[in-house]
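Per-chain residue numbering starts at 1, and chain names A, B, C and D are given in the order in which the chains are listed.
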Amino acid sequence: MGSLEKQTDPTSPMHWRGDMQADYFYPSGVAGDKFFKHMMRSDTFLASKCTICNKVYCPPRLYCEDCFEEIPDNNWKEVPPIGAVRLFTVAKLNAHGKKLANPKIIALIDIDGTDSAMLGIIASNDINKDITGVKVKAVFKPKDKREGTIKDILYFEEI
Amino acid sequence: MSRKVCVIGIGHTDFNSMTPDIQWKEIMYEACKKAYVDAGIDVRKDVNSFITCAEDYWEGFSIFDEFVPDQVGALLRPCCTVCGDGLFGLANAYMQIKTGHLDVVAVEAHSKISDLLTFGDIVLHAFDPLFERPVSGPVERPKYGGSPEYTSEAPKPLIGGSDEKERIHPYFLAGLEMQHFLKTTGTTEEQCAAVVVKNKKNAFFNPYSDYEAQISIEDVMKSEYLFKPVKRLDISPNVDGAVCFVLADDKTTKNLDIEPIYLAGFGYCSETPWLSTRGMDAGYATKAAKMAYKMAKITEPRKQIDVAEVDDRFSFKELQHLEALGLAKPGEAKQLIEDGTLEINGSLPTNTSGGCLGVGNCFEATGMQKALEIVTQLRGHAGKRQVTDAEIGLAQAWRGIPSGSGAVAIFKRG
Amino acid sequence: MVKKKEYKEWPPYAPGTYVRESDIREKKITYTWWEPEVQYSWSLGPAMSKFLQGLKAGKIYGIHCKRCKRVIVPPRMFCEYCFGPTEEWVELKDTGIIETFSISYLDPDARRIEEPILVGVISIDGASPQHGFMHYFGEMTKDDIKIGMKVKAVWKPENEREGSITDIIYFKPLNGGED
Amino acid sequence: MKEVAVIGAGMTLFRRHLLETGKELSFLATKMAMEDAGLEKDDIDMVVMGSAPDAFDGIHMKGENLIDGSAAVGKPYVRVFNGGGTGVFAPIAGWWHVASGVADICLVVCEEKMGNCYPHPQTAFRHIWDPILDRPLTPNLLWLFAMEMNRYMTVYGVKKEDIALVSVKNKRNAVDHPCAQLADPNITVEDVLNSEIMAWPVNRLDVSPPSDGAAALIFCNKDIVHKFTDDPIYVAGTGWSIDSTMWTNRDLSFPRYLAQAAKMAYKMARIQNPRKEIDFAEPYDPFSYKELHHLEGLLLCKKGEAPILTREGVTQRDGDFPVCPSGGLLGVGNPIAATMGQKVCELYWQLKGVAGKRQIPGDPRIGVANAWGDIMQMGTVILLKRG
């Protein structure tokens, strides 16, 4: 390796343990704050629509990523928490690379009335079923337990 | 007086699943030293600028850039980090040389991923923190170590929310993307498995690879579904290694006793980070290729490109990228893998080095490992995996899950 | 291209929504919490391995760069000045001089502490000038400490050393700190 | 090789916490710069992102996350990084995108959300240290700068009173900056000296605050600059240089890496006598002594002379050589990379003569800004000039 001395003694110290632990606090942003506050009160989603290209975003955005124009307040609308599964997979590994206690179905769901999809867990007893195109609906936490995060959606289930 | 940009030196370490005997500094030193010796230059006198490609969390430092200069030879010289794949670094080196103010630029990229113990959690950390990441599991730090083994009994109802104990591995996104690819192109899982077989076979002829294996399509098909339709063997395993390139303008190159390889063009592009609105057709590769072809004056990529190294961190990605790059028509890649076109002796040799599936996933060094193979092929130094009469080669890399960014570089023999 | 917006003064406005600490405490805004798991095990490599072994044995090791005529501590396998390999280990003294120091009233998480921490850089005797490392100082007060003071390492008892920079507890004044 | 002009700049409010996400902040700053230049997203060829540690925002590969806020969806986009130096380095990268002829118009966005790291960004700063040699000693970031300040004071005999003057000047200057976080029209040297000691010799008011914020700049090729303005501002020179990782193996009293970077930039700008030829400076001032240290590193005065210039009022906004007319980091705030706003954007605004109440008198033709990064080892320098 270009140096004149190498490790030859396997009993010599080889590693040093350490971390980069820190906890994180993410304010929801201007658009996210509206979306989450709305979801704390009602069982629907908010979407925002670009005034130029008419693309409807859910989760809503402050600006259109294509046109790069701010979306005004009067271009926001309520949409039902319903959509069709575009893509899904059955995940069997946890983040540590070990087997999940229960495999989970995770899906990209095209939200009705929008041009966007949301990532969600699908509750199902049958992990072998092809659920492409299946209509699903968000199941929320009880209103008094909601905290204003995406975790207020417990999962999506087949209608 | 437009300058041309040449590759005058390449250096690399072996790629190994673990490198417990050397520090991150020493792995970088090895690759750089070899590149400077290859170029026949004195780094402390001749190199004007240095670029390292790295991301903090892969390395374990809040500011990795601090820990770079000594081992790349950049003491009291211009040096910076490009947070991206090595090909992004090459692109920026190209631009630095083109300004006319810097003549020789060194680009280094490496993977010391074996230093990282919580790989899955770090990749999850790249997902959008508000709308995507929390879907994977609890926001509280999970207790690792005691995860129960999965049994094949009928699973319990799957409930998200506060009773979750584990976070889902971020590679679930590859499962979604692969499903999209199979559906839109009509490719089969067997055809993707053939990519694994080919790349692991090619790796036998590559002295620095780490994951060569002699396996059959059936072996791949029998490996377990981890993120259906992604199976265990569809995933490229992680590897440590470093690569360094020295680039120079053509005038400087003339004074060296070197047969230069030209960096004829590059392109890179980013799609939206939102999974919510991202197309899943590797549009980043299409746009990057368009930019690179224009710069390198390539009009018919399939005919003009003699050898290609495309990102194959998941088996389907090789086929998807070939189509996105215009090297195969939409839906055609599946035929190319079946009819042998992509083999070393085929008409479009692809991932002759073994790619990520055969060499290993080397993170920010992925594109550099691919560029390294192309330069080796164009120099005619590829030994048993040498492609005959290689004049123009393409290297492409993607930034991995969950990004929608990628880069392309095109090299030409002098 | 679109029409420019003309303003007399720049920046013409200051976009952004200020959030006070109290807004967070009173949950006037929504936010998401996340605790990542970020653990590492860095390889030491030959230089650091030898250095830590040395500390465990109560010794401070440096290494030579013969081209630059430097004795380097902390050691490394290459010289950043000439980019050549280093070789030949040398056992340095456990004494040195204070190159610079600080008197800290903050702990690592920026919380205030009453009794200040004395910390600084020590140039180690036997190494090239201004070659050393950071450590704590003890057996001196914030009024005694000064740049140029001679100091000596205070080691942990041998059976408590584990091959870490903390095998040295702190540096104390040598001969009352005078030259 | 192409000459490079600046045609637009923007920045957001700087505060300890902002409601906006990183991408929304990037959007707001970018939008302001686009309004200035009269551009739409489609006019931009390439985008450079400058953002410091991922560990602040708490997003791995944070550059990827910020793409849509930086008008970069579907465009070539790259993030460059060298710690605190990024705020001036990102525009340097923007310069080479255009100077190389690869891009005609390049947008540079800098973003930082330090407030995400909870309870204090210090937690992320713990991990900038060497994991084997330094982290076991559980160091605080301020120790570094306290040690450097002490060395500087001791070698050149600088008094704390003179260093406190920098804080006073910059926090007063910041009163005229609409984005400023810690402006104070009535602050005195005594206030600084009497503020609590954090890590001697650093007092609380010697330190710039952590902030959220973003800034943006737009560069274009000289050949097309006439489409945007009749009074262009050009990049005159750029330089950057890095010193050894082993900060305990070098003398901290003088930033030799910055001198190296400055020489590179001055050579490009054909400047022989920087103090005479340059009209004003925006040196990086995260700590009060750093402004002085950097003035010396930029070769704008002799070693140890900067405190004297400060004491004599030379560096006041109406002085002979204005320094940090924006209010600097000490007054406006320190969202690491986004300090491009009061460094490079400020040069542009001052040279254009649109800095309003912050405008320095006379007719400034050329200004210099620098930033400082990594573990006291990175110097980045940019010079802008009137066309």
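To be clear about the criterion, a contact is a pair of C-beta atoms (placed from the backbone, for glycine too) under 8 Å apart; a residue touches a chain by one contact, two chains touch by 3 or more.
Everything quoted here is computed from the prediction, not taken from an experiment.
S.K.: Between B-C and B-D, flag the pair that has more C-beta pairs in contact.
M.R.: Per the contact counts, B-D leads.
S.K.: Among the chains, which has its CA centre at the largest distance from chain C's?
M.R.: It is A whose centre lies farthest from that of chain C.
S.K.: Mind checking the centre-to-centre distance between chain B and chain C? Centres are C-alpha means, answer in whole Å.
M.R.: The separation of the two C-alpha centroids amounts to 35 Å.
S.K.: Averaging only over C-alpha atoms, locate the centres of chain B and chain D and give their separation in whole Å.
M.R.: 33
S.K.: Distance-wise, how many Å sit between the C-alpha centres of chain A and chain C, to the nearest whole number?
M.R.: Result: the chain centres lie 40 Å from each other.
S.K.: Averaging over Cα atoms per chain, report the distance between chain C and chain D in Å.
M.R.: So the centre of chain C lies 25 Å away from the centre of chain D.
S.K.: Taking each residue of chain C in turn, which ones touch at least two of the other chains?
M.R.: Expected reply: 17, 19, 24, 29, 32-46, 48, 52, 76-78, 80.
S.K.: Out of chain A, which residues touch more than one other chain, so two or more?
M.R.: Each of 2-3, 6-7, 14-16, 18, 20-30, 32-33, 65, 95, 149-151 in chain A touches at least two other chains.
S.K.: Chain D: which residues touch two or more other chains?
M.R.: Chain D, residues with two or more chain partners: 17-21, 31, 40, 55, 58, 68, 73-74, 115, 123-124, 126-127, 131-132, 244-246.
S.K.: For chain D, which residues count as touching chain B in their complex?
M.R.: Listed in rising order, the residues of chain D that touch chain B are 1, 21, 52-55, 58-61, 63-68, 72-83, 89, 93, 95-97, 99-102, 124-128, 130-131, 239-246, 256-257, 260-261, 264, 268, 373-375, 377-378.
S.K.: Taking the touch rule as given, give the residues of chain A at its contact with chain C in the complex, in rising order.
M.R.: 2-7, 12-28, 30, 32-33, 36-37, 40, 95, 147-151
S.K.: Under the definition above, what is the set of chain A residues touching chain D in their complex?
M.R.: 16, 18, 20-33, 62-63, 65-68, 70
S.K.: Would you mind writing out the residues of chain B in touch with chain A in their complex?
M.R.: Result: residues 13, 20-22, 26-27, 29-30, 33-34, 57, 60-62, 118-121, 124, 129-132, 134-137, 139, 142, 144, 147-150, 154-162, 165-172, 175-177, 179-180, 183, 224-230, 272, 274-277, 280 of chain B touch chain A.
S.K.: Which residues of chain B touch chain C once you look at their complex with the stated criterion?
M.R.: These residues of chain B touch chain C: 19-26, 29, 33, 36, 43-44, 57, 60, 69-71, 73, 75, 112, 114-118, 121-122, 124-125, 129-130, 133-134, 139-142, 144.
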